[in-house]
Amino acid sequence: MLPLYAPLITPFTDQENVDLDMMSRNLEKYEALPLTGYLVNGSSGEADMLSQSERVALVERVSKLSRRPVLAGIVASSVVEAKRQIDSHEDLRIESFLIRTPGYYGGQFDQVDFFHQLADYSRRPIMIYQVPQYTGIKLTGDQLSRIAEHPNVVGIKDSLGDLSLLNEVSWPARFHYFLGASALIQPGVAAGVAGGILALANVVPEHCRKLLDFSVRPDKAEQARKLQQQLIPLNRALGGSRGFGLAGLKEACRLMGFEVGRLRSPLKPIPSGGTEQLQALLERLPNLQ
Amino acid sequence: MLPLYAPLITPFTDQENVDLDMMSRNLEKYEALPLTGYLVNGSSGEADMLSQSERVALVERVSKLSRRPVLAGIVASSVVEAKRQIDSHEDLRIESFLIRTPGYYGGQFDQVDFFHQLADYSRRPIMIYQVPQYTGIKLTGDQLSRIAEHPNVVGIKDSLGDLSLLNEVSWPARFHYFLGASALIQPGVAAGVAGGILALANVVPEHCRKLLDFSVRPDKAEQARKLQQQLIPLNRALGGSRGFGLAGLKEACRLMGFEVGRLRSPLKPIPSGGTEQLQALLERLPNLQ
Amino acid sequence: MLPLYAPLITPFTDQENVDLDMMSRNLEKYEALPLTGYLVNGSSGEADMLSQSERVALVERVSKLSRRPVLAGIVASSVVEAKRQIDSHEDLRIESFLIRTPGYYGGQFDQVDFFHQLADYSRRPIMIYQVPQYTGIKLTGDQLSRIAEHPNVVGIKDSLGDLSLLNEVSWPARFHYFLGASALIQPGVAAGVAGGILALANVVPEHCRKLLDFSVRPDKAEQARKLQQQLIPLNRALGGSRGFGLAGLKEACRLMGFEVGRLRSPLKPIPSGGTEQLQALLERLPNLQ
Amino acid sequence: MLPLYAPLITPFTDQENVDLDMMSRNLEKYEALPLTGYLVNGSSGEADMLSQSERVALVERVSKLSRRPVLAGIVASSVVEAKRQIDSHEDLRIESFLIRTPGYYGGQFDQVDFFHQLADYSRRPIMIYQVPQYTGIKLTGDQLSRIAEHPNVVGIKDSLGDLSLLNEVSWPARFHYFLGASALIQPGVAAGVAGGILALANVVPEHCRKLLDFSVRPDKAEQARKLQQQLIPLNRALGGSRGFGLAGLKEACRLMGFEVGRLRSPLKPIPSGGTEQLQALLERLPNLQ
């Protein structure tokens, strides 16, 4: 069974403070759902908009309430800052760090050096977080191949979903290629991804689970394709470029019974009519029973 | 068996004129190879750099020498020009027109209107040619859905290989989604593409054929993935952004025994050492016997 | 007095054919206006959407009706095609060719080689037409410097308006840097441009003329800046990225009494309300008396 | 006399810690040079790679050692974080905050709301820091116009140097448009910029000062243009896209006698031969005596 992680959303109070109680209550619900584990402080969690102490508090909360594996996001522009963020997780139960490619100075950054320094430093395994939509950084096969040579680098979350990249590199056995693009689960599994870390799993984890399960079974190819197609409109509506983005993701979570509070400014709220669109998309999803 | 088309390269003389004799001799070889048919005047054929009379001469030559289906490329910025190009094929045996999205004025163009006007006009079926790498135009699911409603629109060649797009639209039964990205054959077939129109099929048609065949068979999934991986380095080397581009494609064809002549200026020749790299990549391909 | 050229729009009949009679009547009006000369077959003239015989007919008409200098646009992807286009002007009275950077294969093109081959070939002087908004090609200072070394290259129309480029290269004395960006006339003149080839000069040539005249005079700096500011909203409304694009340019011409006919498909018509916006912007322009 | 600010570089020890002593010694030198004031924590200062306590320590050091005006950079993705950064300057002597446009979630951010909330919150005046090269965010004239309506917003540092933007908006009298692009000083002054906040002023402040002074004087137009041209090659070599970027900026400072220590990882060091190139460019600058 391919692992499925939810990159948890972060609820905020009306004053835009992190609301750990909402987080706990959401987690309680997720614990009853077919998820392998959680990513805390990914892009779906508004990690770029949090302070490091807020990020650590979130990781602590999740890692204490759940026994499932927890991935902790690192979002820094420099090696020094990334090391500090790693240090701040010292006593927490986490499986590995998911470290975002630094983006600010673009091509002036040596991505291979960045990941190698952190892989040397961290006592826990590290994974690469590639999300060109937000960072502008798209690692080449050659860069990835060199980063993956380090024995403490154990995987990638590829939020672009570049399946040609997956097949371009001869990954070491320890390395896991996680998909971050929910629109490509079925072809991604066919191409050999190791699992999913999917924003959509915040909203409809059971559908994501089912789609992964269908996709690994040759005899369920038709059902997999069908379910993939059924999930795409909702997924598109939650996307950043042509959808509602984070505002949509959180609103869809709310419609599914989770507590989201408000967005942190300056994220735009969902536009008028957006809730109704999401509601309609959710109702159109197939009943899995 | 999923159809496989080669988007034929165009050989030039030393004076950069189209060399129809070389074209004929190449075609003779392709006729003995496992290809379903041919695209004449695609991006691999340097169509954007030809005059319309040159383009028609190429289509005429191929459609007379072969009995296989021939797709004819249309590369125009305006409906008026596209109609003239369609007219110029009046008496030729072709299966359908592959019409490139007009790109010059970007968002000022109404793509749906463009394809609908041409679908109305053409006596033969038309297909959409989407190649954002070169045109800058990436049709949305919504645009494609509306274009595909026209009964004379029978397919797309998607050279970007956006497999989420394939699954986003409910395509009519008559509509065929052809893949133009050789790095995604295996996941593409898994996701449901109708076949391939692959630059790589100019170079190693038997490998492309085999990969399509493996990819449709659940019991050959491992072999399909393996062969896909083996083809990616060569394919990458022929690509436009990180590879040798057209210069590499033609050089690889030459190394495989085809006649290519020279490139039309101002395309850059293959850089020093490029031939040796391609040679090495070709030698590393698996023997299919 | 700095030269000012209008890159003439191309009027079409209801059947989207070039309407040479409308063109003639417009030209008659332009002849009475303070323009130095004309560019025929620039981006404002929808040159990319015309056949070569249409382009030549337009140049012929303009060069016969006017005694002012005529620049003829060349829009080709290959050297061979560009030479053919040059040849088709054999007997026409033109001052120089304005040759667009080829764009389709992007970085696979050798831009320096392209311009040098054509400069060698053409009996008339040639100028570079740089318009990254549409072609995606932005020549570097180094490339431009090498192109400009050829004695038959006499200038550039820079439609991006990169004033740092103007000052980065040591241009030969024969070389003229023409501005194609109407929003930068005043700072452009201050930076040393040789003149303007301005879409806006189709609509309000007298305002463009006045702005150039103010801009060269130190004692009119304030007036120049003020007039520049007054022209920007109209210019923005005619731009391709945030304005109405060609549809707006032609509609503004129509409002000023010129004949434009219709756009060639698939260019989108001006949206509802656009005419009123343009009318208001035109009315807000200062009276030059 | 138009104000000229240096966006100070940040020196690091061999262990990549901020070196406040080097900073002090550099500042002592800058105090003897014709600068109006300093920006601390701009992109030239690697602000995105620092912790907030490091940033504050830098502001504190500079504001204590100098009596010149100090601008303090704010680099946050959320309003909450930006407010915390503003708070951390509570007791420091600064003139205003230069607040970077948040970029991570791109179009999902409401830029106007962001700046208005912070303008409401801050006791000191705020300025907008627009740097699309690094953030991907290019504010439109309309957005800027709305942001500038707030009485506590007093200016912008436009590092793109979009002079059409400068003239597109009717800025309130309190609002100052500072240029951040050293290649456009002369045309920028002609177009009406209020002054410069120029990375180049870290390296050759006297040349920048002279260029500003020439540029405001109609009788020095030729000298201004000439000096601008002379500075462009060096400026290009320090740029991020086609130059050495931050590694070049710091190396050029070192060659001019300032202390820079090393870059913070993962910034790439200057490539082999780069120092010699910069040395040659510096030697080619005109002697100002």
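The letters A, B, C and D name the chains in turn, as written, and every chain counts its residues from 1.
Criterion: contacts are C-beta pairs under 8 Å (C-beta built on N, C-alpha and C of every residue); 3 or more make two chains touch, one makes a residue touch a chain.
Because the structure is a prediction, the values reported are computed rather than measured.
List every chain that touches both chain B and chain C.
none
With centres defined by CA atoms only, which chain is the most remote from chain B?
D
Express in whole angstrom the distance between the two chain centres, defined as the mean CA positions of chain A and chain D.
Chain A and chain D have C-alpha centres separated by 35 Å.
Between chain A and chain C, what is the separation of their C-alpha centroids in Å?
That pair's centroid distance is 48 Å.
Could you say which residues in chain A touch two or more other chains, in rising order?
In chain A, no residue touches two or more other chains.
Take each protein chain as a node, join two nodes whenever their chains touch, and name the resulting shape: line, ring, star, complete or other.
Basically the chains close up into a ring.
Name the touching chain pairs, please: which are they?
A-B, A-D, B-C, C-D
Going by the contact rule set out above, which residues of chain C touch chain B in the complex?
Where chain C meets chain B, its residues are 16-17, 43, 46, 48-51, 77-81, 84, 102, 104-111, 113-114, 117, 134, 136, 240-241, 245-247, 264-268.
Touching residues of chain D toward chain C in the complex: what are they?
It is residues 140-141, 161, 163-164, 167-168, 170, 181, 183-184, 186-188, 190-192, 218-219, 221, 225, 228-229, 232-233, 236, 242 of chain D that touch chain C.
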